[in-house]
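Each remark here refers to the structure printed beneath this line.
Letters A, B, C and D mark the chains as written, and numbering starts fresh at 1 in each.
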Amino acid sequence: MKKLINSPDTVLQDELEGIAAAHSDRVRVVFDPPYIVRADAPVQGKVAIVSGGGSGHEPMHGGYVGRGMLDAACPGEVFTSPTPDQMLEATKAVDGGAGVLHIVKNYTGDVMNFEMAAELAQGEGIEVASVITNDDVAVQDSLYTAGRRGVGVTVLAEKICGAAAEEGKALEDVADICRHVNDQGRSMGMALTPCITPAAGEPNFTLAPDEMEIGIGIHGEPGRERMKLESAAQIVERLTGPIVEDVPFNEGDEVLAFVNGMGGTPLIELYIVFNELSKFLDGRGIRISRNLIGNYITSLEMAGCSITLLRLDDELRRLWDAPVDSIALRWGA
Amino acid sequence: MSITHDAVRDWMERFAAEVAENRSYLTKLDGAIGDGDHGTNMDRGMKKALERLQAADGDDIGASLKAVGMALVSSVGGAAGPLYGTFFMQMGQAAAGRSELDLAGFTEAFDAGVQGVVKRGKAEPGDKTMLDALKPALDALRQAGDSDVAAALGRAAQAAHEGMEATVPMVARKGRASYLGERSAGHQDPGATSSHLLLKSAAEAVGATN
Amino acid sequence: MKKLINSPDTVLQDELEGIAAAHSDRVRVVFDPPYIVRADAPVQGKVAIVSGGGSGHEPMHGGYVGRGMLDAACPGEVFTSPTPDQMLEATKAVDGGAGVLHIVKNYTGDVMNFEMAAELAQGEGIEVASVITNDDVAVQDSLYTAGRRGVGVTVLAEKICGAAAEEGKALEDVADICRHVNDQGRSMGMALTPCITPAAGEPNFTLAPDEMEIGIGIHGEPGRERMKLESAAQIVERLTGPIVEDVPFNEGDEVLAFVNGMGGTPLIELYIVFNELSKFLDGRGIRISRNLIGNYITSLEMAGCSITLLRLDDELRRLWDAPVDSIALRWGA
Amino acid sequence: MSITHDAVRDWMERFAAEVAENRSYLTKLDGAIGDGDHGTNMDRGMKKALERLQAADGDDIGASLKAVGMALVSSVGGAAGPLYGTFFMQMGQAAAGRSELDLAGFTEAFDAGVQGVVKRGKAEPGDKTMLDALKPALDALRQAGDSDVAAALGRAAQAAHEGMEATVPMVARKGRASYLGERSAGHQDPGATSSHLLLKSAAEAVGATN
């Protein structure tokens, strides 16, 4: 395992200290229990948005704390959901009297920990709404299983809900918008290489030099299918086909296209993927009116990418375009 | 013979030691069908739990188990944190104020713990989760009738072991392993494995000979 | 070689098409000869800034085209300097009558190609000034060699000169500021893994699982020294020691600290590096007042990082803070 | 015997073929002390140059060499693009309007090309660059006196070969390899290697037997 770290045990602490040292103008980092909160929190009268999850997905979620996006983020250990006490403290720190929205990616651990936190916060008189994102079409949707994973749509939901909250919308409205984004968005990912958590020191799976893994999540877990490496065009078809059929996305639809790097894939390749995606959607009469290309929801140093499509309407487009001033996403501000 | 507060403490120490010893084994199991952190997480949690136990005095079994549960909830994270946390908090709740438990009392408290896991995780037996070790253990305890504590817990540990092994062919329907669909079959569930360690430690704490 | 590409021969073309598809609101992509230019070029009366270099360093330089930074960027093949005709066409496309600054990284190829382009442009009556960046302290400085490589400082110079040009400064003043930035900034980099150019298909060097390469450049070339992997703290000391001694940076100095990822290293590690850097500089009484952390001048999928320090004065700080609206760097706009 | 326009064309075709054949060898040499693109770049460039040559008519050696030079400048990039480009443009300049060159004429034109490389790259012999193959070749041509063209170019190719091999122990002072300092010793310079191919092709084009 080759990493720029001091020791597997101090990864989270060292990273948080780095964020604190770098971004004290934007955020405040609390260490015990750990969470990252807007420097100006709580914003009185504004719905606050809290998210969180295991570390190793940077810039998600800490990088999205800031005006127009998250009020707080709770980082767990690498690939491990944070704990209810973190979420409770973060919720208390950002509550400006208008209630707090928890945006939770659909993983058993995240869901249960946020659930416990919401119960505790409600017990302390804070209004909490929770929305679970579950956009990964690589996982079969079913009532009898843990269901689909929350992946790329989470980033878009955090941006869009952050803008809605900034506009002064009420908790239930912001939560509705979040559910709407989750409804209208789908994702799928693939890996060229596995990744290694600092604690484990070795990868969860191995791939031959000519193999790729299709339908991976963001936790270094194996995907649904292993196959021979293909061209960017073929890979885009493999990922995007199931996405457009799922919602479904139809001719004439306007979408936000999000090409996400898993952490170890350079930008030059992501643009090649975007180019293929743009051709693929063109061929189906689906119009990309907004895009996001880069490493936004990663899986440590994994090489690979994921594609997320979100159907846009006037409101979602407006909220996407609204100013955002977080560490990792910034425009109009 | 009944289960004293000292035995419960011993149970927790043994469980922590088992988890530490099997840390990379659990992580490896989790790597195959999950995200490779179960051993690390449980080890971090049980270390914290022992710290809390050592700091606490008194001989209230319920209070001690609740302290363990709260330590796990706030330090394990992931799926196992709330599940084991809930298990110990519910078991502690059921044993509140007691400084010893006879087999019936232990079984009742254990039952409350398992119910907590079911309520939190909504899994059913056969879903390839820790419940596949916990539930058979509970059944064994219930069937123990008036046998002595050591024998009963020995049989419960045995049942947990069988339940753990039975997870190998299962296709996961809950937790992270469910994302793999059919590919999850052929691997032993890490949570069921740590649950077996929990029962094994309990049996050893009361002197059962496995 | 595992890459999200269609074929080694089409990497540059496919990437440029992707950029064109994604960012037509900001930039115009010309394909023959290839260059990327601000959508609103030429800006009349403003000094224009052109840079360029081999591809594989994304987002540099194409990602820095936009208001407040570059007017045009010329991408060469992967790790190969672009050619004079590209630079000439880009220079003509951005000249708004106030002259054009070429910012050139000090590599024999880049320098010679830009030199030929400048001769051609001057022959066509365009005023051209050229500034060469050479900030890499891993290379011994000498009159008798090719000298030091241009690396991280280039990104900072492009941002700062872009702001100066936007303010309406004259060509010679913008060029002076560029030389000043180059004087006041130094860098050094390291690699945990090599990288593979699409055309070569295999790495230029290999590292054992416990080895790292210190003093690497940004072209997958081996560095000055190979050694056993160390902790983030030790690596930061190895890179930053030579930097602070070179300028030198002294107690009381104010700096911009730039922790750059080489492409395959995840953000979580870069924050750990930044944390160590911040402690290291603290210990010497050097104050970080601005920072940049992320993948900004990369070497394909190489894992590793580089550190750049730039001594700030009031003018440089102001120009750094000025609005920028490029693809990859964006604030205040 | 003198060097005709056809021989020059043949020279360029042979050089292009040598570069294509040695593409990965050159790239590998460049990988060791540079950035691993010399073969790819020269191959792309010489393919473009041949296209231009094939499109052009007339028998002006100077015009043909200039066309090659301009093709290289606008398609090779890196250090080799301007250097080889300048070489051919300067050599072409010196041979402008000529449809044949005798040995003295060829030597004079070759000299102009080498001077162009020196002016553009500011390298000196011993810096571990293409000059370490080109300069000995030029010296050999100069010393050829009134020997025939084939013999002279044969000796020039031989000199380039020796010059190329002599780059192995050198510590690079110019180009990308100079970044390696002492670590650049022990590797053959890719540019000197392609320059040897250039001379080898010239010798073969005029029927020298190496």
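Assume a contact is a pair of C-beta atoms (placed from the backbone, for glycine too) under 8 Å apart; a residue touches a chain by one contact, two chains touch by 3 or more.
Keep in mind that what you see is a predicted model, and the values were worked out from it rather than measured.
J.: Using C-alpha centres only, name the chain that sits farthest from chain D.
T.: Centroid comparison gives B as the farthest chain from chain D.
J.: Between chain A and chain B, what is the gap in Å from one C-alpha centre to the other?
T.: Their C-alpha centroids are separated by 32 Å.
J.: Once you find the CA centre of chain B and the CA centre of chain C, what distance in Å lies between them?
T.: Result: the chain centres lie 55 Å from each other.
J.: By residue number and range, which residues of chain C touch two or more other chains?
T.: Chain C, residues with two or more chain partners: 78.
J.: Quick one: label the inter-chain contact graph as line, ring, star, complete or other.
T.: Contact map by chain: line.
J.: Go through the chains and record each pair that touches.
T.: In this structure, the chains touch in these pairs: A-B, A-C, C-D.
J.: Note which residues of chain A are touching chain C in the complex, please.
T.: For this pair, the touching residues of chain A are 2-7, 11, 14-15, 17-19, 21-22, 55-56, 58-59, 63, 78, 192-193, 209, 212, 229, 231-233, 235, 263-276, 278, 288, 291, 293, 295, 298, 300-301, 303-305, 330-333.
J.: Could you pull out which chain B residues touch chain A in their complex?
T.: For chain B paired with chain A, touching residues are 24, 27, 31-37, 40-41, 44, 73-83, 120-121, 172-176, 178-181, 183.
J.: For a test of understanding, state which residues of chain A touch chain B in their complex under the given definition.
T.: 33, 54, 76-85, 107-109, 112-113, 115-116, 138-140, 144-146, 149, 197, 199-200, 202-205, 217, 219-222, 224
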